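Heads up, the next two complexes both have subunit A, just with different partners, subunit B and then subunit C.
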Partner chain A sequence: MTIASAAPPRLRRMTQSRWAPWLYLSPALITLVVWIYWPLVDAVRLSFYQWNMLPNSPQLFVGWDNYQRIFALPKFWQALRNTGVYIAGLLPLAVLIPLAIAIYTHDLPARSRNVYRAIIFVPMIIAPVVAAAVWRWLLDPGYGLANQAIKGVGLEPVKFLSDPKVAIWTVILITGWKLMGFSTLILAAANANINPSLIEAARMDGASKWEVIRDVRLPLLSSTVLFLVVMTILLGAQWSFTYINVLTGGGPLGSTTNIYYLLWDFGFSTMSVGWGSAAAVILFLGFGALAFVLFRLIDRYSFHDN
Partner chain B sequence: MTTDALAQPALVRPITLRRISDRSGLNTAAGHLLMVLLSIFCLFPVYWMVASSFRPANAMFETSLWPMTGSLDNYTQAIDAIPIGRMLINTLVFSAVSTVLQLLTGILAAFAFARWKFPFDKLVYTGVALTWLVPFQVVMIPNYLLVAQMGLLDNVLALILPNLASALAILLLAQAMRGFPKEVVEAARMDGARNWRILWEVLVPNLRGTIASLAILIFISTWNEYFWPLLLSRTAENSVVQIGIQMFMTTEGNQWGPLMAASTLASLPVLIIYIVLQRQVVQSFMKSGIR
Partner chain C sequence: MNRKSFLLGALALTLAGPALAQTMAPSVDQPVTITFYNYNLGSAGIGAEATKKLLNEFMAEHPNITVEGVPYSSADGSRIQADLAAGLPVDMVQTVFSDLDFAVHNWGAKALEDIAPADEMAAHFEGMSPNGLKLGVLDGKTYGLAYTFSTPILFYNADLFRQAGLDPDSPPKTWAAVKDAAIAIKEKTGKEGFAAGITGPSAADWLFQGVVRSNGGEVISRDRKTLKFGEPEAIEAVAMLRDLHDAGVYENLDISGAMEGMAAGNVGMYLQTSAVQGVLVAGAKDKFDLRASTMPSFGEKPVRPNNSGSALTIHTADPVKQRAAWELMKFLTSKHGYTIITSEIGYLPLRTDIVDDPQYLGDWVKSHPLVQPNLEQLAVLEPWDPMPGPNYRQIVKTMMDAVEMSVFGGADVAATMADAQANAQALMP
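Right, the complex of A and B next:
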């Protein structure tokens, strides 16, 4: 098929096809507008009202009150701090350790690597609620396997989920468990895609094993690493939502509440639509700004193989 | 992208790499050790769930790796406590219908993006992509209110509504369709095929690899969905199995056995899919990034 014969029919169809794309797009666009864009606008509107979600109770316009009250709440700042802790705690589990493992195991034989790959992916497909249930059982203060082992060596049992100092790290660990194998696979795939002649060339020049990693592999992996870092920062706290909801309910003493859980708490536990919406708007704007900056950074600082 | 692209193993080791140092044997052993430890960490909780589910009540707190006396008591107890069969069917309906409809709206929308240039096409495309950045917690209150207004609370079908379309399906399919050879589409058009026929008789059959991997991904993530059903469910009969598991945990007792049995049942369909289609499942998750 030559280009000359392909061009005319396209022109002929131009007039006829003015509505066609919109027709094809409409089911998807209507869904996205109804369930995402319109709710976003509605959340902004509701954030200026006071309302308890009951259909026949009045919606009272309160201006910026909801925002002012939220910023004055110690709970909000605690949740924001915790969100930071979640992200900081997840970065080693979802990026750093997988990166080390991916680099360290790149020369394992393909056959055994396929077996490992099949196994370490399993947590990713397990439902978060199921994961929460299993970990709750493993970490039970009285009869859980973890504490039986701890008691076995003569130490005091750890209250993994009810000690305010420990609980957040437990939730982080469980979230990390879900992601670690998957990140390892993503990084291993990127690592295997590195052109072997680059490594060979560096070795010919007398580079040591560590120098090869530092000067060749890491720069070439940087875009994948950055991608995972961005995902962890943007979604990390969100991934832990189910675990918080099922395992700790945000407690003890709010110690595991992050910003996403706070939204849920405002909206559906305290039935305060205004607060919930205002917090959602704050979160969305913060989230959007962060995403914008991070994606700019990716564009700027990632190296490419080609 | 065709089935070949799917089947292509991403981790093939470059054969040209020569072993240089004598220590590489030791390094390989250490590498194996590392991977075995990671594998145990990843798999053990799942194993422990299944093992615990077969322990009889009097052996629940034993720490032997293998249940010495197997029993199905936990399963019968779980079935007595919650309508788990009904919940599994609900979850299946929810996941299957969501998958089919999401693929359908995705295919149609992707075709529009791949086939035509139209006013604001870039803007609309960006608008679709940006929905990915809106956390569900931000829109949950208006979504909940909308379902409540429609009188569809506690209805399995209402669960499907926000899942009718997803940015993921649209973007992945648009990408695949743009990569499809133009010549083939032109040839079909020369034969007098209209757009509708080109889409369903040329593009879709040829992209079945991409579509299948997307279907796996959507099915598994919908099956595992928890938050949205949690908002809408009122009764166990109209709820999904993830909520059933949660019910065991809120009743603060030590029903570990039935809880593990319910968890095992809830994971079974996904685990079976995984065991049968392991390579495709891993590929489809990796292609779409995390979510």
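Right, the complex of A and C next:
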């Protein structure tokens, strides 16, 4: 303090004006650099090394080896296809059904609406591993409740988790069941935010209930819907990770493996940081490109009230 | 931080330098705490209780030594690796045999020959099964002592055998006989003929190695440089399993599905580690006649099973801690230790002389006849080969994915196995 006050007033003001903004910004900037940019740059660097994260073992430069090995994995392309299936399967569950629920429940009396939405939202707050364990009991081919019911009506029990053709849809349904509450919440909030005078005006013009939804609500909800679509495409396969890990371990015959699970499986089971980083860089670039396209689409197609 | 740990390491090296052989202290005179990474402690089952009991007994006998049990998951060694990377002391580990190579080269597992006095080792190894001792040997040195290990057992449901018109007193000894029996069971009783824990997410490759070896093949060459699971003997072994599947008697059940199916009496034969015996016995009690036989052979070729399970490895470089860990290792692999391990956790005794001794396992073995094929196989047991290099788990996965695709996925066996071998060979160090 004494040094500062001893300095000529003019100089101090100049220094302040030059450095003060950076000083104020520095906590945020430092956090950003330390937690986001530096790890990103370091991941790119490490993706060219073979190292197991032990301080006493050397980092071995291996060039493009890690990338080549990932692309040479026989399961890589299967996992990529499965990722597409996951996204396609999750879209109706994470967007369409919640949209219908949000619009439908909007007109219910406040009390029953809240009860209903709470029921829909409950799966969201159950811990994923617990949910997975409960689903495993329900779906067990021998004594599970689902198969008891199927056997009850005289049908063959379904191997929900061990039939390669069925397992991926089982995981998709469980993931979707878990997500539905979240999407419903977001859409219901957006729906409630629609200016009532617009609806009122449409009604006065003689619009039917369906016409109000089609011409007023849906266009005004479009940016939220597109946001959820983008979230599902970018993160959908990731949300199923817990269920894959607990319920199927990627099997049977790799039928439920998706790109996140595969790369985690190969990259992290030995803490091989090179594989893991290369996998992360591939995902970053791939989904980064996808996100770029999707956000351009959002800008183009979403409709704003004002 | 790095420099400090380097200096400490260098210091430890110079201290250890003069006595290059047998670095451990002669005794523990002051209180010392060692960590013991143990995966039984991480499970809620009976293994944890028995392990705690053994550790408490040990600490009562050695008041200077405190053992801190650290639970970890055997499915991935990330806890150990993370703790090592963080500089936490990892003094002794219950290491899965397939991790042994990695434990030696990356987690600093010490060869007993380098740290323990030769006479003490010789005295302790007295009475141990020579085959069992070989299990923890890598590159000519003993890095681990077999701790909780078991052999592949063909469990079978004698009631289903009778219903299918088979003789439960002469269980199938060859794979051809397994196929015939399985078809008979499937046709006459409508139940699953055969199940096995060879493939699946948590199966690793131990059972598969034994199947290939029994057909005169091996999954990796003796010099541990070349993978061989794409060679004719291995392909023939996989094709045999495929044939069982094609015959409709070997379904791709997941591990728990197969085990629960067997325990519920819905499966005729089940090839799996003897470690699941407890679950099966509990399921079969008062419901059906559960019996056990040795692993099937390929015709006249000798059965060459290998073990599953874990070894004890010492990782600490501190002479006093090494002594403490060695004392713990000796205690856990003593006659008393194996008695608890066998009777309360469900594994095998490395000391065959306690089996008939009424003071140890004598009475228990008499009342548990299912352990008999296990003891028979101890005489022909071979080591579970750990895959080398930092990518060892990826090698195992590549191999086992190919096996699963070949047996259950309808893929061409020879081409799939050869392809996987080429891919995995690229991951070898």
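Simple rule for what comes next: the second predicted complex is superposed on the first by the 244 of 306 C-alpha atoms of A that agree within 3 Å, B and C clash if a C-alpha of one lies under 4 Å from a C-alpha of the other, contacts with A are read in each partner's own complex, and residues count from 1 in each chain.
Simple rule for what comes next: a contact is a pair of C-beta atoms (placed from the backbone, for glycine too) under 8 Å apart; a residue touches a chain by one contact, two chains touch by 3 or more.
Note that the structure is a prediction, hence the values are computed from the model and not measured.
Enquirer: What is the contact status of A:271 with respect to subunit B (first) and subunit C (second): first, second, both, or neither?
Expert: second
Enquirer: Looking at the overlay, does A:72 come into contact with subunit B only (first), subunit C only (second), both, or neither?
Expert: So A:72 only meets subunit C here.
Enquirer: Counting touched residues of subunit A, say whether subunit B or subunit C comes out ahead.
Expert: B
Enquirer: In the overlaid three-chain picture, which partner chain does A:53 touch, first (subunit B) or second (subunit C), both, or neither?
Expert: A:53: touches subunit B and subunit C.
Enquirer: Could you look at A:105 and tell me whether it touches subunit B, subunit C, both or neither (first, second, both, neither)?
Expert: First partner only.
Enquirer: Thinking of the overlay built on chain A, is A:293 touched by subunit B (first), by subunit C (second), by both, or by neither?
Expert: Neither partner.
Enquirer: Once the shared chain is lined up, is A:141 touching subunit B (first), subunit C (second), both, or neither of them?
Expert: In the superposition, A:141 touches subunit C alone.
Enquirer: Return first, second, both or neither, reflecting whether A:254 touches subunit B, subunit C, both chains, or no partner chain.
Expert: Touch status of A:254: second partner only.
Enquirer: After overlaying the two complexes on chain A, where does the subunit B footprint on subunit A coincide with the subunit C footprint?
Expert: On subunit A, the overlap between the subunit B and subunit C contacts is residues 53, 55, 268.
Enquirer: Applying the document's contact rule, which stretches of subunit A touch subunit B when the two form their complex?
Expert: 1, 5-6, 9, 17-18, 20-22, 24-25, 27-29, 31-32, 34-40, 42-43, 46, 53, 55, 101, 104-110, 112-114, 116-138, 140, 143, 145, 148-149, 177, 179-182, 184-186, 188-189, 192-193, 196-197, 199-200, 203, 209, 227, 231, 234-235, 238, 241-242, 245-246, 260, 263-264, 267-268, 273, 276-277, 280-281, 283-284, 287-288, 291
Enquirer: Which residues of subunit C touch subunit A once you look at their complex with the stated criterion?
Expert: 2, 5, 9, 76-78, 81-82, 84-85, 87, 102, 106-108, 200-202, 252-254, 257, 260-261, 264, 266, 390-394, 397-398, 401-402, 404-405, 408-409, 419-420, 423, 426-427
Enquirer: Flag every residue of subunit A that touches subunit C in the complex, lowest number first.
Expert: Of all residues in subunit A, those touching subunit C are 50, 52-57, 69, 72-75, 141-142, 161-162, 164, 248-254, 265-266, 268-272, 275.
Enquirer: Which part of subunit B faces subunit A closely enough to touch in the complex?
Expert: 9-14, 16-21, 24, 27-28, 30-32, 34-36, 38-39, 41-43, 45-46, 48-49, 52, 60-61, 63, 104-106, 108-109, 111-113, 115-116, 118, 121, 124, 127-128, 131, 133-135, 137-146, 148, 161-162, 164-165, 167, 170, 182-183, 186-187, 189-190, 195, 220, 223-224, 226-227, 230-231, 242, 245-246, 248-249, 254, 256, 259-260, 263, 266-267, 270-271, 274, 278, 281-282, 285-286, 289-291
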